[in-house]
Structure formats: structure tokens, C-alpha cells
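Letters are used for the chains, namely A, B, C and D, taken in the order the chains are written, and counting of residues starts over at 1 for each.
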Amino acid sequence: MTPAEAPRIVDNDPRLAPGGLDEERRRLEHTWRSPSGLIGWLSEVDHKAIGRRFIVTAFAFFVLAGLLAALMRIQLARPDNTFLNPDLYNQVFTMHGTTMMFLFAVPVVLAMGVYFVPLMVGARGIALPRLLAYSYWMFLFGGLFLYVMFLANVGPDNGWFSYPPLAGPEFGYGKRADVWAQLITFTEVSSLVVATCLICTILKMRTPGMSLNRMPLFVWAMLVVSFMVMFAMPAVMISSTCLILDRLMSTHFFNQAEGGDPLLWQHLFWFFGHPEVYIIFVPALGMMSEIIGTCSRRPVFGYLVMVLSMIATAFIGFGVWVHHMFATGLPQLGQSFFTAASIMIVVPTSLQIFGWIATVWTARRLAITVPFLYAASFFFVFVIGGLSGVMLASVPLDRQVHDTYFVVAHFHYVLIGGSTFPLLGAVVYWFPKMTGRMMGQWLGRLSFWLLFAGFNLTFFPMHLLGLYGMPRRVYTYPASMGWGSMNLLATIGAGVIFLSLLVFLVNVITSLRAGAVAESNPWGGSTLEWATSSPPPPYNFLPQPTVASREPLWHPELASPPVVGLESEKRQVLVTAVLDAEPDHRYKVPGPSLWPLATAMATTLMFIWSIFQAMGLVWGAIPTFVCLVGWFWPTRGKERLAASPPTRLTLRESLS
Amino acid sequence: MPHLQSIIHPAGIQAARVSHLWWVMFWICAVVWAAVAVTAMVAIARGRRGSSTATDAQMARSVTVAGGLSVAALLGLLFQSIVTGRALDTLRSPDALRIQVTGNQWWWDVQYEHAVPSRRVTTANEIHIPVGRAIRFDLLSTDVIHSLWIPSLQGKIDLVPGRLNELWLRADEPGIYRGQCAEYCGLQHAKMALVVVAEPPDDFERWLTANRAPASPPTTPEQQRGRDIFERGPCAMCHTIAGTSAGGRSAPDLTHLGSRSTIGAGTLPNTKGYLAGWIADPQHIKPGNRMPPTGLNGEELQAVLAYLETLK
Amino acid sequence: MPVARLTVALAALCLAGAAPAGCEREARRYQELPASANRETGVRVGALEPGMPQQQAEVRSPYQDNAWGMGEGKRLYAAYNCAPCHGVNGGGAIGPPLIDDKWIYGARADQIYATISQGRPDGMPSFGGHITTQQIWQLVAYVQSMSGQVKATSAPSRNDDQMAALPESRQSKQVPVQTGHR
Amino acid sequence: MSAGSPARALDVSMLPIHAFGHRSLMWWATMCMVAIEATAFALAITSYLYLKGRVPHWPVGAPTPRLLWGTVNVVILVVSAWPNLMARKAAERFDLSGVRLWMAVALVFALGFNIVRFLEFGQLQVRWDTNAYGSVTWFLLGLHTAHVLTDFLDSSVLTAVMFCGIVDANRFVDVSENAVYWNFVVLSWLPIYAVIYLAPRFV
């Protein structure tokens, strides 16, 4: 940019005088407000509203999957139980896994990013807001599609991993496997889009002063995760497409008799499936850092180590997929490499844990708040899962416990202990920012301790069940095996979990109604989301802050001048440079529109149609294309250029 | 809990090695967990008082030490694992007994290899092995992926269509061990079990010769009638009984059914009562399995039972 | 909250559409014998008067549009050695093909049932006493799917073995003609 | 924070309201798209080689695909990089008529490519449902076709917009990003061409 265009520091800028700010606020309110009414609700593009919807919807699916789990626990509570028939049980456990992975865990962590990343980087909004809206609708329609099909007895019944040949054309009768494969397409589109929005926001819209090494750790986590999504999801995109083609168009990717290979599926699926676990896990690491830092009232110990270990986890996470296939009889040589990788991936995580403990150790009067309880439980619960993970990395031991309840215990300790606990902590932590009210302390502690107890009661016995030989995915077991008592214990624990989540829900509702009103920074946090009101205005900040340190709110002495000069008549955001966040140019992000919804509907039509008739893909593509054109077509009212080619100068004038 | 299928109550060399590995890993991990938990508690207690005077430099040092320790522990585990893996491979030997196990939805077809095809022994859902001799299982599948798992003797290996996998094990204590399919294989994955009988070598040889013989002909008229029903009725469409005209291949071989301890792939004990219930309405006991309700009347059923009982 | 109302409405709408189709196609009816199976269709067709059934109501196989039933039928087709005579994919061998439009003894469900259960001259054995009514009906539905007589969305797809012909789900619908001879 | 001295401000009102290349949001969004698609292509190619590695000789049960049309398409694509480059240059000059001209030319190339592509499928000499070789070959070619087809469609929409003259600076940015994406489509074709047509012959 030419010197004439460079940003400049202005003293006594009238735009920051009280009067100027009120004037600005009025205009921003008008420019950024969401249209009212149902139409307005459907055309919403504000990242906070979409993020909230994502979170609420994801938790709704969480509840559904939880209820399915309850059904399974009832069925397994005693031997030879006939509460669920095998056909239904198989659908139920498949739905449970699929929902938890694709409709809860991944969407909800990405959604936390969607809501908070723009706030934490001090941006007016998110990049590509309409695309974000589209991704929400795709997620919602995908989820509805799955559950409608389930209620219509077309629920997937091949497990969340859908191994051919069982899920293939010959043995996967009916449309159940197609439904599963197409749900994957829905969620994949959705999360790839969110990843793109987050990457663009994080790299190009950080407020001036927030160089990469000043980014909050949660933002780092979301950046890492977005990249993981980008490189992991295509694998399942490819494999689920091949599966559908095998089933509908009689291709032979997984048909060994015609040169295909069932194991090709397993390689592709786990090349996605294992990173998937870290996609769920890494954001939780970011949340842990935010909560622990704030509660310890000091910066998290070892910022650089934290960042590097998240990146390392992401990288190694792509090199361990074969440890899901140790029992398939692959050559030994390869296996030991994957054992080593799977064991070494523990190192970065353990460094982070030690870093957090160090942070707590040297805290300035640690505040044992509810969010901290959730974060602290990570040390006790997740670590168990991590260690049993190390055991599973060993080929000989894995070949004994693979596909037993030992593994079920392991990954619930990892995913619930490593992701859901921090997530719930983050929900309590950011609840005041999202709603303007604090969550109830007493109920909060109650639900935490109930969850903690219930969780261990449910899943710890499963280690033993595994060691005593109980396989996964069995709808019942004979009394002679003696697994009854442990299973009963687990079922009771599940009841306690159910109770705790009920308390959590009650707490949310009562707090929304009558919770203590939260000021802008109730926990004394250090990052920018606490610099704006609770809940934030549609335009996030007035004026947009800039930063001169990693913990701007803890260093008032390092004041840095706020941003002025963004046009408040347009939804204008400040685009900055990737590394040092130097102001680069101003960019108008699009406002509310119905096109994302329309396009999502058209895409949904195409996806669903295509699993019943191959031509559905072609016919369904037409409305999709039409919607995209409508979406892309520029709105009138902009200055039309004369047919004669304008010179650069005149154009520039006509534009600014 | 009973040890029918327990990983930590091994009855063979392979399982014993793995069980040993388990205990090593368990204790190391237990210590690590306790260390982390205690440190975390102390940290929380100190953090609450905000009393810690430790500088970040000191903290950095302890974090580095902790990191170093965990790397050391991990390397130890890796080493243990590789050593065990090596040891497991040493069982392979040319004079092993070869048994071919074929997975079907939802039962196991078992064949004892022999150079002379007619001297092969075919049975189902029950494997007899001699104690103290290396066994090599050749694993195949006719439909989907299954996994053969006999926890007391050895870890699992999948039965993958179009591939030939091997499983090597050795039983060191005579006894009856239970195995089960460990890879989700559809509707009745839960009821796809098998029984492994480890017996002294000469007992085993006796069993093998007994099972080479075709079915003994019926003696009483009722048994006679039972065989006729079996051959002419629905049974023979799927089941084989060597020495009769029943040659169906899509269900377990029943030539020596009487000598087996379970029916329905380890679902029920093989007693006359259960067998009657099974033949009358298999779909009630194991919903969705491939044996249809036969619709025999009481008298026919009794005859068939009487005949099946003779198949020792 | 428009959200909830909208979602519920949407779900209800989809469900109304999906449920009937889905349930019919996907039901696994292994436990009970379908009621209609019990009516023994007394079709007697001798060699002299081929394809002349008594006048009676049209009978559909209870597995007509049931994916599971037809899948089982396809499995039984192999298990009960139909392939050696009629061809692996019904292309025909020493027995008549089943994927074409020609039907010697009639293409109606009850006629196919009779053919399977009673057998036909020139080599078609009688399966009547040997396999259950339920399985015969499953075979009937499968045989109909071979010439595209059933909904493509519930017909079986290709097998995991050598690709001999188009799978049933991609067979074009043949208009049956009753020839009475090969 | 503004806490320190309330009246001090960072005035950005002079900043331009658009930027080209890696400075623009759109460029990064496009790059994310490229990364995703590239990963998909890479995995599809890996699957091809995986299946190839499992059989003694390749292609299985079919003659090797004929070279002609595929090679023609290599030429078309590589040459088509030129009009796209020109369109991009014109866009960065805000030269509307130049953009119109070169995008139209680029469109002709894209159209030609798509037509030849359909001849290509005929020349594979194998059906997708013949065996795994046929399946994976059709899959690779289909995957790439999906990209050229969609890119052809959205380029034509963009061209239409430019001709309707509903244009502001960001439309010019779109034009330049569109050219960037086309380059990706060109580049991705070369390895896929190599795998489909050369691997069965020489590897």
C-alpha cells in the first residue's frame, strides 16, 4: 500500500470522545443488527447467533445420543436381557457413536470457535459469514435426516465405522448404510466450511498488535484444529463416496473378488478417524488453557511449549491410524512403527499437563470455580484414558483387548475426560459472555460432582469387563460369563450421569431466567472477549481494541490505541497481515441473506435424492447451482461502471 | 468373575506372555497416574494459598524433568511391548497342528487339515486341540469380517474375506476355554461363540479318529424315522451328516453333533431339552440367525432328536 | 422460539414421508411367519396345462418390496443351488434364465411360488416339503427382483464376488410374457 | 485497550477497501478450498496405487486406456493457464474490457476441455463396474471432471457478472482468485493424467 494509505496514530480523535462514540454506536447498531421476524431469523449471519445455534443444536444431539446410550445400558444391565432386540440394538449403538462423533463432538467444539474466535482476536465479525450460515443449515439438515431415517427404521446398523463388506452392497441390506454414508457427507461439508471460516478469521482478521505469538491459546487450538479438519475430512469424504458407489453403482473398491480390498476402507477411514479424535481433543486443550490461566490469575506456563505441543499432536495424529488395525493381520514391520508413533504422541500432551500443573502451582490465589473443577478433573480422568491408550498402542496387548469393553472404557475416558469435561467447563466459563448472566454456583458444583462420580462409576468397571473378555457391540451376554454385576454397576452409573446432566440443564434454564447479571469480565480473564459487554453487541466491539501484549486485559499499562475509521454504514472489517497483524485493508463482509438456507435446502435435496437414484445427483445439482448463482450474484445499487475501461484512479475514487 | 474368557488368567504360553506384559504396563501406568494426581492435588492446595515462591525458571526445570521421566517410562513400555511381540513370534514351527477356521454369519466352520481329503475332519463351533503342541489356525471368511478370539490362549486375528490370516497358539493346561467373535459382524455378532477343548495328546488323537468316522447308522425305528425326516425334510437343505444323503453346506456339519457341548454357536448347552427348543423355534433363541423355524410336529421332532442323539 | 417449532414441523414432515416407505423396505421379519404366507396358494399346474392357475385374487410375496427379505432370498438362491441351473445372476444355464421377460409358468407371485414349491417338469425340483413357506416367499421376491419386477430402491445390489451381470437393483424392468414353453 | 489515553486512536480510514493475492480474505478462502481438494486428489491417487500394488499386473482385465484425448486435454489445460493469467493481470489493472475478453477466452478453453473430457471417458476402455481397476480409474477421472465442470460453471457466472457490469473492486478480486483456482485445476490434472494414462504403461 502507498504511504498515503498507511494507518496513522491520531491524538485527541473526536471519534473517541463520548459524543462521537454514541454516534458511532447508533450507526453500528443499525448496520450490524439482525433483521427481525422468522425471515430475519432464517437469514441470520452473525457469528454469535450462528455459533449459539450450533452449540444448542449440538447439545440437542448430545442429549439424543445420551438417551440411546441409556437404552443400551438398560439392555446390558442384566444377562440375556430382551429389552432391545438385536436389530434395534445394532441401530442404537451405531446411532450413538455416529451422533456423538459427527453431530456432537466435532460441531460443538468448532461452534465454540465460531462464537469466540472473532471476539478473542478482536474482530468485528467472522470471515465468510454467509458460508458459515450455510454450514449450520447443512449440519442441522444432516442431523434431522439421520434421525428421521432412524425413526423410519432405516437407521444405520453397521457401527460408526461401517466396515465393508458388512456395510457393503451384499450384506448391508436396504438403505441403512447409504444413510450413514450420506450423513457423513453432510457433516463433512459443514465442518470443512467452518474450518475455512476460522482459518481466514484467525490468519487475516486479528486486530492490530495481535501477532501470532500473542494469540490466545484457544485461538491457537482452533487454528490447529481447522487445519486438521482440512486434511482429515477428505479421507472420509473419499471413502464414504466409494462406499456409496459400491452399493449403488456396483463399483468394486472394497470387493476382493474383483481386485478391491476391504482393508482399503479401514486405511482411509482411520486416516480420518484417528485425527478425528484429536480434532475433538485439541480444542479442549485450548479451553483448558483459558480456564486454568484465568482461574490461576497468571499467564499459562510455557506458552511456546503449549503451542508447539498442540502442533506436534496434530502432526503425529496423522501417523497413528494403523493402531486401529493391529488385528487385521498386517505385516509386523509396519506395525512397530505405528506402535512407536502412538506411544510418542503422549509426550506433547503430557508436557501440556505438566505446564498446567505448574501454572496452578504458581497461581496467584487460585479460584476454585466450577469451570476450574471441570478443568482440574482432566488431570485425574483424562490421564487414565491417556495411559490406557499407551497400553493399546502395544500390538500384543491390543490384540487381546481390541474390540473389548476395555477399549470402550479407554475412549470414553479420553473423549469425555479429555473433551467433554473441559467443554462443559468452557460452557460454564463463557456462559456469562454468551447470555449476560452467571450460571448458578451451587447447582453447578452439584452437577459437576454427580457427573464426576457417575462417569467413573459407569466407565471404570468397563476396564475390568474388557479384561474378563466382554467384547464390544454385543446386544447381550450369557449369565454364565459373570459379567452381570459389573454391567449393572455401569448402568447405575449411567443413571447418575443422566441425573447430573439434568441438573446441568436445570441450572442453565434457571440461570437464563434469574442468574446473577454478569459484567463484562466476571472471572477477571485476560483475553479480548472479556473486553466487550456481556453479551457482546452484534458488531462485537466499540471501539475495536488493539493489543500490545498476550494478556491485554491484565496490562492496562500497555495501553494501545483503539481502531477508528472503519465505515460504520457498511459491515466493514479490518483485514490485517498474517504474521504481525499489521492493518492491511478494510473489507465489507456480506449481511443477512436467505440464500445460504436456500442453497442448503437444495444441497440436502440433492444428497438425499442421490442415495435412492443415481440421477438424483444430476437433477438435484440444478437447483443447487441456481441457488449458488443467486447467492453469488451481486446486489444492485452499487455504482455501475461505464462500458469504457476506467482508469485505476477514477475507479478508486468512485469506490472510496 | 469366572475366567472362561479372561485375559489375565492365561492357559497358554502366548496368553501368558501378554498377561505378563499387561501387569508390567499396569503397574508402570498406575505409578505414573498416582504421581500426576498427587502433584495436581498439591499444586491446587498451594495455588489456593497463592503461597508458592517458585520462579518460572524453577518450574521450567521441574517440567523438563517430568517430561524426561515420562519419555523414559514410555520408552520402557515400548521396549516391553516389542520384546513381547518378538517372543510371540517364536512359537511358529513347521510341525504345528493346522486347523482351518472359516467364519460365517454367525458360526464357525472348523476343518482339521489332512493330506488325504477324505481324512479331513470337519466340525463346527468346537475346536479340540492337544495340550503342549503349537497350533496354527488358517483363518478365512465366507461373508463379512469376523475375528477369532480365545482370550485364555491368544489375542485375536481378523478373518478377512479374500485374505488368509494365521493365528498361532499353544495350550499348556488341559481345560475348556471359550472364544467369541470379536469383530462386529452383524445381527447376531453377540451369539457367535465357540468352545476350545484342550486335552492331553492321546485323548485328542482318540477324539480325532472318532470324528473321522462317518455317522453311525440308526438302530431303533424311531431313530430310523428321525434320519428319514432329516434327509427328506428341511434339515438336509443346509446341514451335512457324513454317511447320509444330507449334504447341505450352508450350515454347521452335524456328523458328530452328539459329541459337542453347545448348540447355536455356543448359545445353548447341548442337551436334549435345549436341542428340542432350538429345532422347534431357533428364531426365538437367536433372532435373525439363518436357521428357519422347521415346523416339524411333536412326533417328528422327537424322532429327529432321537436320531441326533446317536451322532456321538 | 421459532427454532423449536420449525425443527419439529420439519421433522414431522420428513417423517410422514419417510416412515411408511422406510419401514416397509427395512423390516427384518425373521421372527414371525408373515400372515399372508400361511394361505397355501393351491395352484396346481400339471405338465399338460402349463400356466393355467385357478381363478383367485392376486397374491404378492410378503417380501415384495422388503430389502431384507429379498437379500435373504438372494442368499438362499445360492445356498439352495439355484445357480447351477438358472445361472449365478439368473442368466440361465440348463435351466431357463430368470432375468428376461419370458415366463414359462407365469410371472405372478403365486405362480412363482407354485413353481418353487411344487416343481415343474423337465428338471425343476419341488422344494415344497424341504424349505419353509417363509423362505419360498423370500425366493419369490428375489426372483421377481431379477427381472426388475420390484422397486429398484429395495432390490439387492451386487455381490462381493465376480461381476457376472448387472445387479438386481440396476436391472431394467421386463414386461413379463407367459410363453408356456422355453 | 483504550483505558490508557482515551483520545489516542489508530486511524485506518485511509486504508484501501480491497486487496489482491495473499492480502485478500478471498485468496485464503480459495487456498483452503485448494488444500481440501488437493488432499482429496492425493488420497484418491493413493487408493489407486494401493489397489495397483495388490495385483501382479495392471490394468486388470482391460487394455490400457488410449492416450489421445487425455493428452489433448493436457495441452488444452496447460495452454488455458495463459488466458487465465491475462484475465488475472487485467483484473489487477481494473481493466474491465480486458477482463471480459480474457475470461471469455478462458471459458472457451474450459468448454473445450469438458467436451474432450467426455470423449476421454470413452477411451478408458473399461467400465466402472468391470473391476476395481475400472472403478478407481473412473473415480479419479470423475473427481477431476467434477472440478473442471464446477469451475467452468462458476467462471461463466463470473463472466456474466462482468459483462452485466455490476462491478466493484471486489469483483476484480474474485476474477483473480478464480484464475488462481483454475491454476489448481490445471496442476492437479497433471499427476492424475500421469496416474491414469502413464502408470499402467510404464510403472
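Rule of thumb we're sticking to: contacts are C-beta pairs under 8 Å (C-beta built on N, C-alpha and C of every residue); 3 or more make two chains touch, one makes a residue touch a chain.
Just so you know, these numbers come straight off a predicted model, no measurement behind them.
Asks: C-D or A-C: which has the larger count of contacting C-beta pairs?
Replies: Per the contact counts, A-C leads.
Asks: Among the chains here, which has the CA centroid at the largest distance from chain D's centroid?
Replies: B
Asks: Centroid of chain A to centroid of chain C, CA atoms only: how many Å?
Replies: Whole-Å distance between the two chain centres: 46.
Asks: What whole-Å value do you get for the distance between chain B and chain C if each is reduced to the mean of its CA atoms?
Replies: A distance of 37 Å separates the two centres.
Asks: How many angstrom lie between the centres of chain A and chain D, each centre taken as the mean Cα position?
Replies: Roughly 29 Å, centre to centre.
Asks: Touching two or more other chains, which residues of chain A qualify?
Replies: Within chain A, residues 87, 165, 170-171, 246, 250, 252, 255-258, 261 contact more than one other chain.
Asks: What residues in chain B touch two or more of the other chains?
Replies: Residues 161, 187, 287-288 of chain B touch two or more partner chains.
Asks: Which parts of chain D, given as residue numbers and ranges, touch two or more other chains?
Replies: Within chain D, residues 129-131 contact more than one other chain.
Asks: So which chains end up touching which?
Replies: So the chains that touch one another pair up as A-B, A-C, A-D, B-C, C-D.
Asks: Flag every residue of chain C that touches chain D in the complex, lowest number first.
Replies: 158, 163, 166
Asks: If we count contacts the way the header does, which residues on chain A are in touch with chain D in the complex?
Replies: 1, 4-13, 15-17, 127-128, 192, 195-196, 199-200, 203-205, 208, 230-231, 233-235, 237-238, 241-242, 245-246, 249-253, 255, 258-261, 264, 267-268, 271, 531, 543, 545-546, 552-553, 556-567, 572, 574-575, 577-578, 583-588, 625, 628-629, 632-634, 636, 638-641, 643-646, 648, 651-652, 655-656
Asks: So in the complex, which bits of chain A are touching chain C?
Replies: 38, 41, 53, 56, 87, 140, 144-145, 147-149, 151-154, 165, 168-171, 173-176, 246-248, 250, 252, 254-258, 612-613
Asks: For chain B, which residues count as touching chain A in their complex?
Replies: Per the stated touch rule, the residues are 1-8, 15, 17-18, 21-22, 25-26, 29, 32-33, 36-37, 39-40, 42-44, 46-50, 52, 54, 56, 59-60, 62-63, 66-67, 70-71, 74, 77-78, 80-82, 84-85, 88-89, 105, 139, 143-145, 147, 149, 151, 154-158, 160-163, 165-166, 178, 180-191, 267, 287-288.
Asks: If you look only at chain A, which of its residues touch chain B in the complex?
Replies: 85-87, 90, 158-159, 163, 165-166, 170-171, 256-257, 261-263, 296, 301-302, 305, 327-329, 332, 336, 339-340, 343-344, 346-347, 350-351, 353-355, 357-358, 360-366, 368, 376, 379-380, 383-384, 387-388, 390-391, 393-404, 464, 466-478, 480-483, 485-486
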